[in-house]
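Each in structure tokens, the structures are laid out below.
What follows is chain A paired twice: with chain B in the first complex and chain C in the second.
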Partner chain A sequence: MKIPKIRPYVLEGLRYAFNPKSIAVVGASRHPERVGWNIIKKLRDDGYVGKIYPVNPRAYPYTILGEKVYKTMRDVPEPVDMAVIAVPFFLVQSVMKDCVANGAKIGLVITSGFKEVGAAEREEEITHYCRNNNFPFIGPNLLGLGSPHTKLNLGFMPYLPLEGNVAIISQSGANLLAWLGMSCVQRLGLSMFAGLGNMADIGFPEFITYAGEDKNTDVIALYIEGIQSKEEFVKACKQVVSKKPIIAIAAGTESARGKSAAAAHTGSVAATNEEYDELFEEAGIIRVRTQQEFVDVAIALSMQPLPKGEWIMITNGGGSGILAMDEFARRGLEPLEVKDFLQFQMMLYAGPVGSPLNPIDLTGMAVWEVYKQAIETAISNPEVGGVLVSVCPTSITYAEKIAAIVYELSKKYKGLDKPIIGQFQGGDECDRANTWLKDRGIPSYLNPERAVAAIAALSKYSEIKGKKK
Partner chain B sequence: MKIPKIRPYVLEGLRYAFNPKSIAVVGASRHPERVGWNIIKKLRDDGYVGKIYPVNPRAYPYTILGEKVYKTMRDVPEPVDMAVIAVPFFLVQSVMKDCVANGAKIGLVITSGFKEVGAAEREEEITHYCRNNNFPFIGPNLLGLGSPHTKLNLGFMPYLPLEGNVAIISQSGANLLAWLGMSCVQRLGLSMFAGLGNMADIGFPEFITYAGEDKNTDVIALYIEGIQSKEEFVKACKQVVSKKPIIAIAAGTESARGKSAAAAHTGSVAATNEEYDELFEEAGIIRVRTQQEFVDVAIALSMQPLPKGEWIMITNGGGSGILAMDEFARRGLEPLEVKDFLQFQMMLYAGPVGSPLNPIDLTGMAVWEVYKQAIETAISNPEVGGVLVSVCPTSITYAEKIAAIVYELSKKYKGLDKPIIGQFQGGDECDRANTWLKDRGIPSYLNPERAVAAIAALSKYSEIKGKKK
Partner chain C sequence: MTDKKEQTKEHLQQYLQNYWTAPSIFGSVEPFVVDYATDPTVGGYNIAKSAYQTRHDVFNLDYVAREVGITKDEIESRLKKMIDDHTIMLVLNGNVFAMGFSIYSWLVKLRDGCTPEQREEVTNFMQNQDETCSDIAGEGDFDFLLWNHIGVLDFLLNTIIKPVASFPQVENIHICPVARYVREEKVAHWWAPMGTTREFYITDEEIERFPEVQTYWDETDVKIYCALNKKRPVEDFFNFSVLAELSGLKAEDLKGKMKSYVEELPIMIPLFVPNWRKLGLTKHFFVVRLYRGLPTKDKFSIVDELATNPVWETLWQFTQGYYDIIVSAYKELNDIDKLRAQLRAIPGVEEIREFDAYRMLRRWTCRLDEEDGFWENCVMTNDIGIDGVDPKENELYPYGEYSLREEDK
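For the complex of A and B:
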């Protein structure tokens, strides 16, 4: 199958897909808990207010969840913005013809039983037909798609994620599901989400281009098991990364087993680790390695400005400082060398037992006033590019008090446009402080290594933007 | 200062330190919120039931929190099991003499202002005196020490950790604090914990030996910034690792900055990354790299038996399977090759869309009955060394139901003595499922990479034990 260049009618279709005023559900069911019933139920439960047309000759002339059922797409009284297709695989082709007849803007094929089970021909036939008729479709073998901004939850996602500005585009439904769950708990706000399924018609390049233009999206996060055309992929990314950062996990790259699992999963051919490194470097993508780093890095990029230079770490824990420095080094990042007057100032806060060098160790004796002075001194110093505030709560250092100070100072020095990252390590009180800060736009993490991963991504994007200029 | 061989009187002192029937607090204060008051308050609040003797000539002849104050250690009416020393640094030496006169079994020096601020001579003088008088002491510059088993919380720890079987011995107070906090939230049960401070008299070798003999301890977890004697360290570890696994983070190894931060912090000299690799290999230590991995790996080793061969992964998420396989490869671990009859059986559960190869992909259609059959088939197969059960909750796969099945089957097949690890990825319901399983002795993690880190540690310890035989 030829990999198309970016097609304007597909981008227009995607605009309808994420902001549909009307949705036809082909394969709608009258039986509760069936897929074709659940889709409609979920749409309504999650607050979708547009028109819904259930379609199913076997459910005609009844209603489903109060909506009148239509026999086929040809009977639906208006061209719909999106047709969701959840019929057995052998019916998909004829449904596609009906969709074209209806004038539907885009199709979403949930049905599986195509390339992922070896039936590539079946998939290509449908793709061929749809492309000839300028009818774009997402899938098949698709888990879900939606946006909390439009209260759209199509597919198998149990709930809508937190509203925000990160677009997740994933070749894995399971990981997409996981990230939607983590979205709520870990405060990763999403603008849109899509499980791509087999990418028969629409692949990464057009999704990336669409997300690049989407006004709610500031960060694009990709989960990749295989790329169809490196050229189109790189081209699409390059046009976006000067405006918005793109992060990606390339999965199935570490072993033959991972590759074959990826092939079995979505039927796509994975590249090697080194090929991805090169590809991502060329495309201007920030590569992340783990499911958790994906979330942590997306949060940082979605909330904070880019660093204006090297980072300073302020902590009351010598040990957390050292773990952070180790992670800086592992990521090839040089923290700020603190010297001269800044060093002198920090000496006053660190006292004889602490350290005025980076990491600034305020010691376990640091009360909130000392933290406040040290953060304020750091952020207002022109040599400081970004500030990592690390806190290990003690009986004299309260997590919530330091969190409040970090927030207060972030507002006070907003004009300097410097990034601030929090890191509260410990028990419940730390989980609460980290969440409290994230709810106020300041990324904050439990472990020093996670905070530094986020910092590295901010610095990397700064470098990428610099190159693009 | 000469590094001593393992000294029996020190081991005896440590037994008293973690199980004291009487504690003298030298530098006790009548003023609430002062360190010398807080120590006593915390001991009582956390449930310590032994005798407490406050000591302070300036608080004599009053009482502190209901306890009669003594002028000096010489006035305390019995030889105490432990003397906690929280006086200004220039008084420590004379207090030590009083402790010897009292016949105290061991000292705990919280006071700072020694080697960590460059005053090595002051520290050596005291150490010399104490060693000559067979009076062992922990510290100085120490954050805390205790055990939830004896309700002992000495120092600055805000609360006692969860009771369990992991001993944490840490050169960093801040990280120790963090792990105690995580202990409660993430269910890392501890047998004892110690912040070593400057290790003037007692260092890693004797603590490791003591923990090796401690009946409540099954796993020893070390945070290391520098080792005084490689020979003694290796010797101590070697005598323990055939009975109990030892895990360790070596911090400050990645960069000059990390090393100098470590030196500033505890005044110890760090080795390079490669030196630690060699040292740990020789000592039979499982090396972990991050603050989170420290917790995750300790939990696995503390709860599960060792694998009997290679691992199988059962999942309903293709994507989580691939991320896990990548992590297996990154850690140089080969998962089980599923073939023959086991492959045939798994084919029945995976269906046409899933995969009967490792990772077993039951697909998003997997209901709990399918999970149950697949897990049961895997665990009872003699080729399977350990089972990783990964779950991505959907509208038909409930986290709590699968968690209940994992627990049920772990009990049913307890006799096979095979490890089971859970991995529930997603939102709140997954956090709850992971916690629920850990509360029942089954390690369970949010991310595939974290689960595989735990698995790698179990396999590594299996290898270490094999070598020792």
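For the complex of A and C:
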């Protein structure tokens, strides 16, 4: 439901949601295959050390995973910081009343069976009741939320993602799960994550504002199927983007099928592509299109400084260079024009069959020492805004060696505050090199197009920040 | 697709007038007449089931007070004690035949000389096997009575029975498909004689003896138990205003659904089941074999005749099993010798086997072992919705390391 303005009591509730000292799980189950059992199991397994109060009149007076069970929220001996609600839809209304009676700070309604199945009236009644009683809730129809920083895995996510500084706020549980999995494999470190579900009460504006204030968050990444309070959304984004970049996928915009799928999924009405473009431009959001781009761009923004000039690409492969240049063009970016003394220097490394022009083609003959000299020359040149290092391993080009060089030089020239992006294309050795670099704070990708997408996002955010100034 | 309006039992089975065959499943109505397995409201029953432990007023307490002749407050107070003590449980028996299943019961006999530990081993296995729907443990000519709703027979044989049969202490297993589910827990079910479905049966003698054989319920509590189970309109069973208040759904909608499912079709039977083990009661079962040559109509007549006797707590008619009928009565409340003599006197009875049941492990996917902390823990078996085939035993899944079969991992 729409909100007229950001509500302070909701922001307060969100602080409790991500840092709860006590959690009630309403609908806690004794059966290991049920969500209500797994919530408690995952909380404990992943390291949550606060109090847990299982609530289920059927399971009273037993224990669940060693925790004493309470009949209802009214019987829980203290007001809880967070009430997780995993009961059938027809009990949610009465459970919400019990939560208000308990004095719970915020609710997380996992239950489905509301707006997404056409029961908007049911959802609205509950929302009105909760708003009248200043009891904020997230959901319904969602996956959960959490933070690796506080070891909080609240919902039915299989594991916690890698710890980091990106906040993911997603209307889709399935995509959130994908990103949590990709976080571990592709080294996207998260500060927090949340599924929003139907956004009956709390929506994007308040989550964005909260993430904007969160000390662990440097980048905010949104998956959007529909926006309810556009004005507040824009206002919240504008307040945040001068400090932290926001990236977003707007889904369900490409086809009628996509729109109807969004409506069935979370009951959302998606805007058109053009409307989103306009809205994101106004709000200062960087738009991405795919799951993979979402991750790639978030990694770049979370790890690297912003470019203060144009980019140079150093590669040993003509083909990867051409694909990268095509992608630069598609994204409206102008790579650096290499000339004068820099061109002369690069000619020494590229040799007679390579190219000293951007992309700098060191050719397949390039060994790691040549890469080192070329990268160092580029990074230390004041004309260069950022460096893209592309590697196509040959029998004389060792991916691991070059990755180590990129890392060493990034440390050496840290004071210059220039972004460096890696791009190792090929097999397992490239996967390992990309991962090794990401573990050391340098975004690195398997494909030139993905690397350029990340570069474009850095440039775009640089432009957004420039405008804000 | 068949139009919803046409999905009545009568309409869907008109085709049988043109064929000599029986419906595709034993003693069944056409499957999927009603999709109540997935219907989210199920007439308010689920709301009551999920709330009655703390909101006793989900039931029509005015009705119970009138019936018992004491105040509503006292009814509520006594009901609270019965529920808190775990001596009674609200249950819905859904007609699984209407969901495309048949019911197969099976009797397990352990080898003579089994040690208590060997018996316990089998008992614990059955208690924890979630594919098992209902399960009673006992001793005598048989040691366990189990029953399952089954869509595909392979599932019963391979997933459910095979692991039990592989225990060395198991001597034999008799599978008895249920043709008529006539009575359970003293309440008449779907294939009770015409017009008697949902009738509650108890004798004056049983009512009189009940308070004498245990300490949880006094005479008034027994009256409450009887009143709760008495056949009556659904509005006398539940308080739909409270169900509406709890759920936010409309009382009239809830009542309408419930009337349709419970009174008109009827495919749902709400009942109150006593925790007979806790109440110190034993169920004495008679498993009856009739002469093979007995005409089917005579077998039906025998079961109809048995159904007139309120003493029976369970009454099912089997088909295509070694045995034909199973009945039970509470041992402490009845004269078992007299009942045995009555059964033996029925013309057509060839053989009777007996056993005492002292513990109900599971009933209709609900675990009942109170002492292990699983009272009323509903465990849905995983066959519903996937055609009764359990992937663990299904050879359609030879996916190597991605196989769901333990032995392939």
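Everything below uses one rule, namely that the second predicted complex is superposed on the first by the 466 of 469 C-alpha atoms of A that agree within 3 Å, B and C clash if a C-alpha of one lies under 4 Å from a C-alpha of the other, contacts with A are read in each partner's own complex, and residues count from 1 in each chain.
As a working rule, contacts are C-beta pairs under 8 Å (C-beta built on N, C-alpha and C of every residue); 3 or more make two chains touch, one makes a residue touch a chain.
Here the structure is a predicted model, which is why all the values come from computation and not from measurement.
Of the two partner chains, chain C is the only one that A:Val87 touches; chain B does not reach it.
By the touch criterion defined above, A:Ser462 lies against neither chain B nor chain C after alignment on the C-alpha atoms of chain A. Once the two complexes are laid over each other on the shared chain, residue contacts for A:Asn175 go to chain B alone; chain C is not touched. Once the two complexes are laid over each other on the shared chain, residue contacts for A:Gln304 go to neither chain B nor chain C.
Contacts of A:Asn381 after superposition on the shared chain: neither chain B nor chain C is touched. Once chain A of one complex is fitted onto chain A of the other, the partner contacts of A:Pro158 are limited to chain B, with no touch recorded for chain C. In the overlay built on the shared chain, the residue A:Glu125 is in contact with chain C alone; chain B does not reach it. When the two complexes are overlaid on their common chain A, residue A:Asn216 makes contact with neither chain B nor chain C. Judged by the touch definition given at the top, the superposed model places A:Glu254 against chain B, while chain C stays out of reach. Comparing the two complexes, residues 113 of chain A contact chain B in one case and chain C in the other. If you check the complex, the residues on chain C that touch chain A are 40-41, 46-47, 50-51, 53-54, 130, 245-249, 373-379. By the touch criterion given at the top, residues 38, 112-113, 116-117, 143, 156, 158-159, 170-178, 180-185, 223, 225, 249, 251-255, 257-258, 260-262, 264-266, 289-292, 315-323, 325-330, 335, 352-353, 355, 357-359, 361, 364, 392-395, 425-431, 446-450 of chain B touch chain A in their complex.
Every residue of chain A that touches chain C in the complex is listed here, in rising order: 29-31, 33, 57-60, 62-63, 71-72, 87-94, 113, 122, 125-126.
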